[in-house]
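Read through the structures below before going on.
Both complexes below contain chain A, partnered by chain B and then by chain C.
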Partner chain A sequence: MSWRNNSKRELWLAWYSMIAFYNIFVIVFFVLTHAQPPPYPYWSDAQVVFWFSHNRGGLLTGFAIMFALAGLTLPANALIAYSIRRMSVSRAFAYSYLVIYSLAALPGMLLLCVVLSVGAMRPDRDPVLIHWLYDFAFLSYVGTMGIFLIGSLVWMLAILLDKNRVLPKWFGYLNLCNALTEVVVSPAWIFHRGVLDWNGLISWWLNMVVFGIYTSAFIMLLRNMIQREDFGDGPLPTHQLAGTAR
Partner chain B sequence: MRRADGELILFWTLPALAVLWISAFFLFPGFVHPMSPSMTAAQVADFYRDPAKLSRIRYSMILFNWFGVGLVPMLTLLVMQIKRMAHRTPILSYCLLGCIAGGPTVFLIADLFWLLAAFAPGRDPQLTVLLNDLAWMTFTTAVPFLIGQSLIIALAIYLDRPDRPVFRRWVAHFNVVIAAALVPAAFTGLALSGPMAWNGLLPFWLKNLAIAAWIVVMSIVLGRNIYRQRAEGSARPVTEQTVAA
Partner chain C sequence: MTDNAGEGKRDRAIPGQPDMWVLVLFEALVFTAYFAVYLYHRSADSELFLRSQAQLRPLFGTLDTLLLLTSSLFMLRCAQTARAGAHRTAMTSAYITAFLGVAFLISKITEWIMLVRGGHGFSSNDFFMYYFFLTGIHLLHLLIGFIAIGVIVYQLRGPARRSQELVETCAVYWHTVDLLWVLIFSLLYVVR
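What follows is the complex of A and B.
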């Protein structure tokens, strides 16, 4: 069947955009810019200045790629909002999720990209100010809690109430795990050292492991949802029955 | 005669916005000859301390603050057009709504940094440079949602029914060209001078001309559509998809 006549093309495009975004995100944040795992919150001005000058090219190139491609988050969020819309719950859940995550990109990612780029572009800036930019970027990024907390809870509640079997109930509870990691992140605003600081074992590593499992799970589950989609408004068919829908 | 739904009022806010936008652009002394990122701290501080320039900076940025949010109704009218297209899902209108939330917000943050720099120009020049850098970098790299919205509109048109399209094909091609013209601005952090610096040919002139062309062209095709759809009245049946969306 040709691409043009594939009734699920919009859903698949959104799903592949999601895959593309997470791959680019990993390359930019972990490989190019070394913004993840985050450097230490207790560093001296001199260490922070050294970190910027050491990573200068990677920071500026990596975030430039992010500025060009961050729009890929939109189809990803739209697809999740669509999954909620397909459920038997009120549209209010899908719209809440869409609004919350549309704003998430800003404090949760783009501010860090702008602020670290500003830090990297002038290595001769007063070290105290470079350090301020460093704190600004990482606290904004790691400390953006409410969006992911409330967003995950909205998705969770929709899944648990849903009668259309769009996503499995266990994934509803996994949303709760993801939401709870946003609670454990909050001490990052207070601690400069230890397991609760912004790159600590609890605030960052635990959060990242749960987020990794959570993201992999919903990528697979959304793929499964698209395969089963029948564009009706009742329960979503199981795999075997949906063989002809593509 | 159909019931007034207010779309025409939203559409005709555009001339007022255009006046705001053009006057703010020429009022801000840092745009007509865009400020170079290689200016020294003393030069940047002097720019904000010059009394003649200072009031123009403040007034222009206050106007820009209104302008950024003022575009939201026009962008939302584009969402309404996408909802009329022959799509199976509301995914693309959800994407465009996401852009509408994100784009003006980024622009408002840039505006905030400029106004902060101008609020107390007597500050240590290093702090003024910091705010000025944050303003220019936020403003120049604020392209993700703009690239996103052009590509989403293009995709929406490509996926529309070819025999009775809401927008013609060339509008989609035009949006792809605009998206491409916005890409160099994302890379401005890499250059403090030359054509890739934030005052350079590609991140400043090409990007802002592309945005201007986009607003003008999309306003015209949007206005034509709204009037055409009104003239057709209920001739175009409400399809199942539009109800579902």
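What follows is the complex of A and C.
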């Protein structure tokens, strides 16, 4: 079936946008800006200033890309909201998820991008202020996961109540595991060192493993959902529909 | 013949939704990682950990363990009696399970308050950081367990919606909370 006649092309567009976003996210945060894994929270003013000056090019290039392409999160969130709308549950779940995750982009990503960009663009400022920006950026980024927690729980509840078998129940429970790891990052506000600080073994590294598994799972499950989508309102077919593959 | 075959198939099946076992295994892996990190740091500074461990009251840990083990027993009874069709008895067992869970909650919060008043808070030292973190994250699992008990009671109250599978699914979750506590108790209170 040609792309022009493929009734699922909008869904595939959203899915590929999601893939593109996560790839860009990894390149920007892990490779260009070195904002992930986060640098140490206990650094002195001088070390923080050095970090900004050392990474200046990467920070400005990476976050310029992010500001331009952050909108790619929207089709990704919309596709997840679509999965909830396809379920047999109230539309309120999809609307709640969409609103929560649209707002989550601010503390969960954009605030860090803005604040670190400010630090990189004003190297002549007082090191104390630069250090304040550094703390603000990483605490807002790592420590404000409550909004993601609620979003995961909304999706979990929708999956567990759904009778249309849009997504498997095990993924509903995996949402709970992901939500619980969002709680584990909150001690980052208290600790400057150790396993619970903002780049700690438990609060960041272990959580990143869980988040990676969770994200990989939902990317594959949403792909599977699109393949099975029949545009009806009853249970989703178990297997991929003939003639509707990409 | 068909019924027997069906029953035989059911007997071989794992209790509850197989999906719940994904959560059980996943949480077991996550907690194993927590425990591994704890033991690694404990071995690096065993003197501090032993000294701090001595500040805990073993009575609380033992009481908490007994409360949760007994609650698991009643949860098991709840699932068994529900399967046998004795739904009122099952509901009573679910209520007792919840009561024991509340008793655990009160005991744990009391212990926390006593420790904090004694100058041993979350950020006092590495041992108490792990202590409050592990007991805190476990308590969060327990609170979710109350929702699971609520689901059981909701299922058992309505004859039209009774689902043995859901009752067993929630029971599996409760037993997981119990199992995690036994491991936390061993690591924080017992291991020297």
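In this section, the second predicted complex is superposed on the first by the 239 of 246 C-alpha atoms of A that agree within 3 Å, B and C clash if a C-alpha of one lies under 4 Å from a C-alpha of the other, contacts with A are read in each partner's own complex, and residues count from 1 in each chain.
One rule holds in what follows: contacts are C-beta pairs under 8 Å (C-beta built on N, C-alpha and C of every residue); 3 or more make two chains touch, one makes a residue touch a chain.
Since we're looking at a predicted model, the values are computed, not measured.
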When the two structures are superposed on chain A, do chain B and chain C clash or fit side by side?
fit
Touching A:V114, do we find chain B (first), chain C (second), both, or neither?
first
For A:N77 in the superposed arrangement: first (chain B), second (chain C), both or neither?
first
For the combined three-chain view, what is the angle at the C-alpha centre of chain A formed with the C-alpha centres of chain B and chain C, to the nearest 10°?
140
Mind working out whether A:A68 is in touch with chain B, chain C, both or neither, as first, second, both or neither?
first
Report for A:R122: first if it touches chain B alone, second if chain C alone, otherwise both or neither.
first
State whether A:L157 touches chain B only (first), chain C only (second), both chains, or neither.
neither
Partner chain(s) touched by A:M208 [first = chain B, second = chain C, both, neither]:
neither
Looking at chain A, which partner touches more of its residues: chain C or chain B?
B
Which partner does A:L180 contact after superposing on A: first (chain B), second (chain C), both, neither?
second
Overlay on A puts the nearest Cα atoms of chain B and chain C apart, in Å, by 29
Overlap of the chain B and chain C footprints on chain A, residue-wise?
none
Chain B residues within the chain A interface of the complex:
37, 87-92, 94-95, 97-99, 101-102, 105-106, 109, 126-127, 129-130, 133-134, 137-138, 141, 143-145, 147-149, 151-152, 155, 159, 183, 185-190, 192
Residues on chain A engaged by chain B in the complex (per definition of touch)
7-11, 13-14, 60-61, 63-75, 77-79, 81-82, 85, 98-99, 101-103, 105-106, 110-111, 113-115, 117-118, 120-122, 125-126, 129, 133, 231
Can you check the complex and tell me which residues of chain A touch chain C?
168-170, 172-174, 176-177, 180-181, 183-184, 187, 190-191, 194-196, 201-202, 206, 210
Chain C residues touching chain A - in the complex, by the definition given at the top
17-20, 22-23, 26-27, 30, 33-34, 37, 41, 122-123, 126, 129, 133, 137, 140-141, 144
